[in-house]
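Across the two complexes that follow, chain A remains constant while its partner is chain B and subsequently chain C.
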Partner chain A sequence: MRKYVVLFSIVIATSVLAYLTTYLEAIGLIGLDTRYLAKLFLTFAYNPLARELTAISPEAVTSIVWDFRGIDTFYETAVFYMAIIAALAIYRGIGYPSIQSEKGLSIIVRVVTKLLIPINIAIAVSIAAHGHLTPGGGFQAGAALAVISVLLAVVFSASSFTKVGISLSKAIALRTAGLLAIAAVVFIPVVFSAFTGVQAYLMQNQVKVDSAFAFPAYIQDQLISGTLIWFNLAEFLAVSFGFFVIFMLLSLREDVVKEQLGEDHGH
Partner chain B sequence: MSMDITLVLLALFSAVGLVFTYLAVVERDLVKAVIFSAIQSTAYVAILYLLRAPDIVLVYLPVAVGLYPAAILFLIGKTEKVEEK
Partner chain C sequence: MDTSFIERFLIVLTLYNLLVTTSISLYGIVARPSITKKIISLTIFGDSLNVLAIFIGFRVFSVPPVLLRTDNLDELLKLAYSAVDPLPQALVLTAIVIGLAVNLFIIFLALQVYRLYGTLDSRKIKELRG
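This part shows the complex of A and B:
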């Protein structure tokens, strides 16, 4: 009886939502009309004729994420950074052993994974480096590269991290370097302003009405969209190695952790 | 015409997502539940693509199909495989 009530309520809820979104146009006509706000973003994402308003990137999402609402994204990155600090705090004092068990999955899975990993790296790098031109960006690329950490831990066992030359401290250093690079790009306009006296703002990308400062939008006719490519590459580093840290810690074997903590520590 | 096909595909993938969400909730074997959840995520990836959000597809696919199930599987490995009544 209860099952039917649940099913009935799901059907009713779905129908109401479908009716609201399609016939009543509660969220606008899907796919047929472009709303005013969207039109604004599409007009100014890439617009060389309005240099004071544009983010000079044909990728509207990256323009919004790293220019129009850039400080939001900076704090999102900071939240992710803090979350990993929490994980590191739980595992504090535990060294990453160079050799754990050597067991992995079968030879078939290993060979296929070995072939897939270079493809994965290539895709991740291209998502990051083309983030200002095509769908993608730093976080997307970081998540794509982080899948490798899972593959290494599950398919080749946790000791493979040491074999490919990634240690816990190296991963932490790389992700910190990513965050520092983002901070550097944020502060470059302010430092420039302090030295030259030209008006410039925090996290500024292109020229503004009262500021002549701008990051180069092109390198030899190749569009790099000012700050956007640097933010994407730095975020790629921060996110991918952040995930690496998490999965390196999660793949630690329980007995190894207990051995290092000693018996009297409840963990 | 192409709009109609999009709506039909949206309905189809939504139904697949709904079914696998239900299965993931009622399944007592947690490993199977994670797999059902990953299939549901795959259906959602298709929905997001049809709704013209390729940026979200790129982040949702590795997180929901790769990283999230992996994290949950690590946790299951450290606790118990079957949910008790």
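This part shows the complex of A and C:
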């Protein structure tokens, strides 16, 4: 009976939403035109004629993510960081054993995976380094690199992490280094301002109306879009090794965890 | 630019599809007793809302919000009047990461619940002490 009440209320809610969105146009005329704000972002993402307003990146999404709404993304990275801390807290006291089972998948799968891993690294670095030019960025690159941790755990068994030289503490250290690099780029303008007396703002990328401080937009005629490339590379490090931590913890064998948790944790 | 009947039909169909997917996943979160199924429904719920957000910024006959040529500024105006809305994409990127973080936390909690109680049935967990 209760199930039908839930089902009925959900159907009613969907019908109301459908009516609102199509007949009453509650979310605007979809598909016909974009909002004024969208045109503004598209015009100022890369615009050398308006140096005080532009993020100097041809990729509008990355401009919004790391410049126009940069603080938002900074806190988003902090949330991701906290989630991994929570996961580590749940697994506290459980050491990562150096040798688990040596079994993996067949030789064919192993060889193919060995061939794929360098390509995967190259693609991930490319997505991160071109994040300000083409679709992609730090998070997407990190997710692409994290595939390797799953491949290692599934194809070569969890003990392969130790073999390739990645331990849990190393992954945590690299992830923290990524986050510290983001914080460094955020605070560089403020430190610069403190030493030189030039007006500069937190997380500033290009010149503003009342501030002459700007990160270099080009290195030898190559567009690097000021802070955006550094943010993308730092986020890449933070996210990829954050995922490494997660998948290393999830690939721990259940009997190993139970053994370390002790008898009183059984049901 | 005028949109034909079939385009409008496809837009409304996609919108309704998203709403139905959202409702089914909401039903899964509320009514299914298994925590695993609740988590799966939660991810589907989040993803359908993300697609809905992207869909609001969509326009017919559009290009991606990336400037392909930086030497000719006429391209800039062309982009502003033909690209999709980049703001929902940026917001969804943030939402995906936060959703992922929350999901990871819930998955680890569920794993711990299973270790402690030996079940992921929310009706049985409710009856247990602790």
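Definition applied: the second predicted complex is superposed on the first by the 229 of 267 C-alpha atoms of A that agree within 3 Å, B and C clash if a C-alpha of one lies under 4 Å from a C-alpha of the other, contacts with A are read in each partner's own complex, and residues count from 1 in each chain.
Just so we're on the same page, contacts are C-beta pairs under 8 Å (C-beta built on N, C-alpha and C of every residue); 3 or more make two chains touch, one makes a residue touch a chain.
The structure presented is a predicted model; accordingly, all values stated were derived computationally and were not measured.
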- [ ] For A:127, decide between first (touching chain B), second (touching chain C), both and neither.
- [x] first
- [ ] Go through the superposed model and pick first if A:105 touches only chain B, second if only chain C, both, or neither.
- [x] neither
TODO: Once the structures are superposed on A, label A:46 by its partner contacts, choosing first (chain B), second (chain C), both or neither.
DONE: second
TODO: Using the superposition on chain A described above, determine whether A:184 touches chain B (first), chain C (second), both, or neither.
DONE: neither
TODO: Mind working out whether A:139 is in touch with chain B, chain C, both or neither, as first, second, both or neither?
DONE: both
Open item on the list: Just checking: does A:13 make contact with chain B only, chain C only, both, or neither of them? Give me first, second, both or neither.
Closed with: second
- [ ] Go through the superposed model and pick first if A:3 touches only chain B, second if only chain C, both, or neither.
- [x] second
Open item on the list: Per the contact definition in the header, classify A:147: touching chain B only (first), chain C only (second), both, or neither.
Closed with: first
TODO: Between chain B and chain C, pick out the one touching the greater number of residues of chain A.
DONE: C
TODO: Scan A:73 for contacts with chain B and chain C and give back first, second, both or neither.
DONE: second
Open item on the list: With the touch criterion stated at the top, can you tell me which chain A residues are shared between the chain B interface and the chain C interface?
Closed with: 10, 14, 30-32, 61, 135, 137, 139, 246, 250
Task: Partner chain A, residues of chain C touching it in the complex - done: 1, 3, 7-8, 11-12, 15-16, 19-20, 22-23, 26-27, 30-31, 55-60, 64-68, 70, 73, 76-77, 79-81, 83-87, 89-90, 93-94, 96-98, 100-102, 104-105, 107-109, 111-112, 115-119
Task: List of chain B residues in touch with chain A within their complex - done: 3, 6, 14, 18, 51-52, 54-55, 57-59, 62-63, 66-67, 70-71, 74-75, 78
Open item on the list: Can you tell me which positions in chain A touch chain B when the two form their complex?
Closed with: 10, 14, 30-32, 61-62, 127, 135-137, 139-140, 143-144, 146-147, 150, 153-154, 243, 246-247, 250-251, 254
- [ ] Provide the residue numbers of chain A that touch chain C in the complex, in ascending order.
- [x] 2-3, 6-7, 10-11, 13-14, 17-18, 21-22, 27-28, 30-35, 37-39, 41-43, 45-49, 58-61, 63-65, 69, 72-73, 76-77, 79-80, 82-84, 86-87, 90-91, 134-135, 137, 139, 223, 239, 246, 249-250, 257-258, 261, 265-267
